[in-house]
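You will see chain A twice below: alongside chain B first, and alongside chain C after that.
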Partner chain A sequence: MIRTKSCKLLISALLSLLMVAQVQAQSAEEKGLAIAKERKSRDLGWQDSQADASMILRTANRQEIERRMRLLTLEMQDDGDKGLTIFDQPADVKGTAFLNYSHAVEPDEQWMYLPALKRVKRIASKNKSGPFMGSEFAFEDLSSFEVEKFSYKYLRDEKCDDQDCFVVEQIPAYEHSGYTRLVTWLDKAHYRAHKVEFYDRKNSLLKTLTMHDYQLYLDKYWRPMKLSMQNHQTRKSTDLVTHELSFRTGLTEDDFSQAALKRAR
Partner chain B sequence: MRAIWLNSILLRPWLTLLISLLLVLASGFGAKNLYFRGDYRVFFAPDNPQKLAYEEMQRVFSKTDNVNITIAPDSNNVFSPDTLALIREYTDLAWQIPYSTRVDSIANFQHTSAEEDELLVEDLIPDAASMDAQQIADARKVALSEPNLVKKMIAPDAKVGVINIMLQLPEDDLTSAVKEISTYVRDLSQRMSEKYPGHAFYHTGVVFLNDAFATAAEEDSKTLVPGMFIAILLMLWLLLRSFTGMLATLVVIVATIGATMGVAGWLNIFMSTATVNVPTLVMTLAVADCVHVISSMLFALRQGKTKIEAIRYAMELNLMPVFITSVTTAIGFLTLNFSDVPILVHLGNLTALGIMLACVFSITVLPALLLLLPMRVAAKQKSQSGWMESFSEWVIHNHRRLLPLTIILTLGAVAATLKNEINDEASEYFSKATEFRQAADFQQDNISGMATVDFALYLGTPSALNKPDNLQLIQDFTNWLRSQPEVDHVSSISDTFKRLNKNMHGDDDSYYRLPQQQDLAAQYLLLYEMSLPFGLDLNNQVNLDKSATRVMVTMKNLGSKEYTAFENRAQAWMQQRAPAINMTAASPTLMFAHIGETNMDSMIRGTVLALVLISALLVVALRSWKMGAISLLPNLLPAGIGFGIWGLYSGQINMGLSVVMSMSLGIIVDDTVHFLAKYQRARKDGADATQAVRYAFSSVGRALFITTAVLVAGFGVLAMSNFAVNSNMGMLTGIIILVALAVDFLFLPAFLMVFDKQKTNTEDNADDTDKKLQTAH
Partner chain C sequence: MKKSLTAVALLMACGASADTQTYVKAALEQRFYFQDGLYEQQHDSDISVFVEPEFYHSWNDGSDSLNVKPFFRYDSRDSERTHMDIRELIWLHVGDEWEMRAGIGKVFWGQTESQHLVDVINQTDFVEAIDAEEKLGQPMVQFSLVKDWGNLSLFALPYFRERTFSGVEGRFRLPLRVDTDNPLFESADEEKHLDWAVRYMGYLGDLELGLSWFDGTNREPLLKPAMNGQEAVLRPYYGQMQQAGLDMLMVSGATLYKLEAIHRKTELDSYYALTAGFEYTSVGVLNSVYDIGWLMEYQYDERDEQATSLGQNDLMLGTRLIFNDINGTELLIAFIQDLDESGSRSGYIEASSRINDHWKWRIDGWFFSSDTEEDRAFMLRRDDYLQFSLEYYF
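And now, the complex of A and B:
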């Protein structure tokens, strides 16, 4: 009895040792991917959100301008999220609406409604790396995190914002991306990104994104109230500040259709 | 006083050398602080108004530093599969260029087209290999009708194409960044030319302009400084025929240069295209001092004096002249402080410092060395004097004919100065032998000039750009600019609005016009902003709150007068069309266009001051108001005649030439001092004008000839620079020094003999005095 028990114990001990060894044998790529999957899994199921936000654009010598907008987002299963941006300021673009179906490795689909023209225009472009509304954010920086968008490599553990963090390198899978790689700092507690460094096509540091003031929604979903993007080459910067955010507001696919664009005010 | 100094040196030569060596080492150690700045901004003071305007514009809009690569296929047709493939590949690889932020060419031009309610945004040449003949023909048609591309990215006849790379250059270490970028681009072009034979590559743009400045300085220091050393050695051998003399002179020269550049280092003065030639100038001017001292010493040795006596004789004879001529020359160079060009100020101050150091070393180190080094007492050479005396007799004999002749020639030459025109154009600074100039000329001949003028229109309130009136104004201004003969290309936001309006109406050509409502214009612009590719934003043409726009003009390579005239015309147009709009114009082209004029104004003030100071010094040195007044003529005429010759030879006055007047004044005044001093001495001793002229010729004629030869050789070496600011400066200064000798030898004697008729007190024994004076030398 005792012998079999101890035998079982021994076997399970050996097994667990083996598993530890396996974890240790896990390559940096596998570990990076595992972290990315965990990050995504912790952010599933929020359904939809509506936000009031400001973009504050700054030049190298700190001149600045604020643009107001509303951001509507619909969570999609196994695809990039759908987003609807309605511009409120400046006055002459009020009511202009921008609809974006983001995709991980395919070109995004984009439409724009121009109230002065009363027409919806589809914009067909492979370009995800261009700036969003003249800011330091590219379209690809703002679209939802999808595991397939990158290949991964775990680099090291490091402190970030006084927390224990993973540092993971992400290499874009989309061939027209503007970046060679991203380096992301994620806290181990909640898998929230705290800092992202963007490297351009010649692998020079182009921009650093930092996340500030994380708030918890629906007891599960962490959202930063401020995103700061600093361009190191042009020394321009942009803050994306969220004033109000609510989840599960009852938005459906119908609210993200071309017809809905015209209704959006 | 003089005796104490001379004794202390001659009695303790080793101590003198030791102290000098320590001083040279201490100052020379400062050379570790020297660094080189090879960018065009070194030509402009921090408070230069055009520079400030340009910097302000670069603050409001994005920076415009670029590399421009012109690609010329042997086939003369860019729209061939091979060339398109090359441009496509180069465009993609160019993103790897250090500090690059954006690459543009016909290949990645964001072509927008409309299909019903779909706006297609795609690269004009996505992949050359997959394009059939029809698609290539379509792309050609689009490219050659697109105002943003024609004469900017593609020649109107499609013979050459351009790749433009925008860069974000670092502020601190610009010179090494420029080197890094230009090396990378040259390598890339080399690789591409191997992969795609039958294509030529030409590199221009701001980075290669800066690179050309750096290369010019590098070439100057690599070729001119050694060239100068060889010229000096040759000259010394011809003049002195003494190895010891040559060696001692070399030691003085090296010590002077070492100490001068070291002090430059301690003062944190950076090296530049102008100051790399300080050693050449200092060498030239230092040699004269040494030659005077050593010649006198050799003369005394041949007379049978002992070595120490000979040195004592040489020092006593030359101390005052060496000091006075050094001071006048230094004053001439110090007036370069009036210049608006910082590196010319550095050139003036460092050369002045070098001259004074050379003066100090040639009365300390030189005698000490001459005392210590073995000196073969040369056998008395057979007299070479004959020719100078016969020349003076010829001048004296012909003076009544010479005077009117020289006056007529002088008047003619001075009249020819009117043919001169101030002109500073950066690409013309480089000789046609340089890579940059060839590229700039090729670009000019095949697609567009290199000159740019940017206009910023400040329209008032935020979003004012989108108002129909303002858009109309921008379009009218753009059209006016395009109708100007000097203009090659205009990049304007009004074209973007028109193209978008057309795209938004199903590519209907009749909608290629401005939107007529503010909100529509604003929404077009937002749509356009959302469709821009990586590295590009509106900030290039529109400021942050859309209250200002920048219209960028590419112009033919012309002269500075044409650029400033164009600028004034544009301002006048705007003043008349929209007086309420504040418009500024700025660009490196305009910075250079204005610097010539403002620098000339300042240097004229500097020259007047130099003239007053030097003339006052002459009055003191010659102890005569009359001689001081007479000296004005031989001091002023050479510059007048020199600039006249220049007017006939070239007629282009760049910033380097504006400093020549005051600089050469300090040098040529030496000739006048020597000649007039001897003349005056003879007159005081009772000689009449003719005899005094004869005495002056025989006593200093040869020395003046020799120093002129040395100086002309030195400035002649400078004239061989591939960089026009240096070469023109060297050439014109050389001409003026040569003319100064001619004036002193032909005009001045004739003038004195005709006008200086005042009776001498002891006229009777004048002939005796004459003989006495002649043998005294």
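And now, the complex of A and C:
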């Protein structure tokens, strides 16, 4: 009896030793993936959101222009999110609406509603690297974070915004991505992204995205109220500022249909 | 005091679930024609203005809404082009998996770019634009089911709108004046004939599929020579028709494949017509931020040269350049070649860009070439023009 007990103890001790060894032997790729999974798991279950936002576009010579929009988003299980964007400014696109079903490694599905023609137009969206509304954000920069979108490699620990952060390299799994790799800084406390560097197809630094003013929603979900994208090659930049954001507003898939797109206001 | 406070409180309570939006679109347009007109009353240039305000109000948390959109145009040359219309005056109710619309509205059906065969609900406001993209408001009651398996819509169209035609001083006219005050109808009910239509639209994987059926007054009139007093005129004749329509769009990578096909039956004939083609878009051309799109569409009409549409055996090639700049600059150039008559072709150009948040410039141009009298483009052979517009949006 005693022997079996001590045996069990020994085995469990050995097992835990083995596990520690495994953690130490965890490759940079495995650690990167584990961080990504943790990041995603902390952001599950918010269901839907509605936001009022502005995009502030700046040219190289600091000319500034504001675009206003409303964004409706629906969280999807095991797929990219669905989004409906209604433009309020500039005036010539007021009432234009954009519907997007994002997917991790498949092309997104996109439709644009043109109110003057009462016409819904499908957009061929194989290429997610095109600019969104003339901004420095590409379509792929604005879609939801999904683990399958990238392969990962943990690089190092580093301070970012005065916090302890992981630095992780992400290689896009989508073959038509505009990037060869992204380098992301995530804080260890909440797995929130603070900075992302985007490297173009020639592997030179194209853009840097920084996240500012994180707010906590539903006691669980952190959202940055300002995203700043700086293009290093054109010296243009875009800020995406959220004025108002609410979660669990009762949106359903019916609110992201072609019929809903046609009556979006 | 108390009363006004209550009123304010009521207004605020309404504000929580009601929403009002206003829009204005207006433009000053200057056209220049390259050649003298075929007819002595015509002019070489033309100034025109239009205003299109829009009021939207929704209540019941957006379940009910009313949209009102009148349209006014003044044209310095053509009194027929100076006109007004109610583009929309429509109430929408959204239920659970259904929608109901009643009033004057606009509906678009179809997928192709170069012509819209399937789209037959609204009458063309032909004095507005030669491309027939502008439509008159159509009185209608529409009931739609919005289901997992697609959208099914039923339309009852209780009143018919007659097509607009240029006057004698306008361009894009026929040798004789179209006597729009004295139309002819096949139906004894004339413009009060109740037309009806049904449409299904759904998805089959990467395929978008539309099926439609229309039974009622043909939006395209025949023009019958007649006398109005001493004047020889053309009287529009609106027959009855039944049309079955099919439209499809398939996405494959960066290419959209598009098809529209109809079968139309009138008292005179029964025929097929189709438009089929593709649009390919490449993003970030030559390492720039520009997008470039290539369009090709083939137009076929079984009636051949008797076709009332311009495209009976024609090929359209076009390219769309999107600058992806802050001003949203775009350029579209297209060329349409008649495959039966090598001398018959037309082309158009559209360019636009924002000046600031409320102003935009636009250039449109059409060019026609035809040396065959039977060809419909022959009437337009001296109507090449460029139009410069300054548009205001609010």
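Brief remarks on what is shown
We take it that the second predicted complex is superposed on the first by the 250 of 265 C-alpha atoms of A that agree within 3 Å, B and C clash if a C-alpha of one lies under 4 Å from a C-alpha of the other, contacts with A are read in each partner's own complex, and residues count from 1 in each chain.
One rule holds for everything that comes next: a contact is a pair of C-beta atoms (placed from the backbone, for glycine too) under 8 Å apart; a residue touches a chain by one contact, two chains touch by 3 or more.
All values reported here derive from a predicted model rather than from experimental measurement.
Bringing the complexes onto one copy of chain A puts chain B in a clash with chain C. In the overlay built on the shared chain, the residue A:G178 is in contact with chain B and with chain C. In the superposed model, more residues of chain A are touched by B than by the other of chain B and chain C. Touch criterion met: A:P107 reaches chain C, while chain B stays clear of it. Once the two complexes are laid over each other on the shared chain, residue contacts for A:G83 go to neither chain B nor chain C. When the two complexes are overlaid on their common chain A, residue A:T96 makes contact with chain B while staying clear of chain C. In the superposition on chain A, contact of A:G32 is made with neither chain B nor chain C. In the overlay built on the shared chain, the residue A:D254 is in contact with chain C alone; chain B does not reach it. Of the two partner chains, chain B and chain C are each touched by A:N127.
By the touch criterion defined above, A:A60 reaches chain B but does not reach chain C. For chain B, the stretch among 43-51, 79-87 or 115-123 that collides with chain C in the superposed model is 115-123. On chain A, the patch touched by chain B and the patch touched by chain C overlap at residues 57, 59, 63, 65, 90-93, 116-117, 119, 122, 124, 126-127, 129-131, 134, 178, 234.
For chain A in complex with chain C, the residues that touch the partner chain are 57, 59, 63, 65, 89-95, 107, 109, 116-119, 122, 124, 126-127, 129-131, 134, 178, 234, 254, 257-259, 263, 265.
Interface residues of chain C facing chain A in the complex, by the touch rule stated above, are 19, 21, 23, 25, 56, 58, 62, 65, 92, 94, 97, 99, 106-108, 111, 133, 144, 146, 151, 201, 208, 249, 251, 253-256, 279-284, 289, 291, 324-328, 354, 357-358, 360, 391, 393-394.
Within the complex formed with chain B, the chain A residues making contact are 57, 59-61, 63-65, 87, 90-93, 96, 98, 110, 112, 114-117, 119-127, 129-134, 138, 178, 200-202, 204, 233-234, 236.
Of all residues in chain B, those touching chain A in their complex are 59-60, 62, 95-101, 110, 117-122, 168, 462-463, 466, 504, 517-524, 526-527, 529-539, 544-546.
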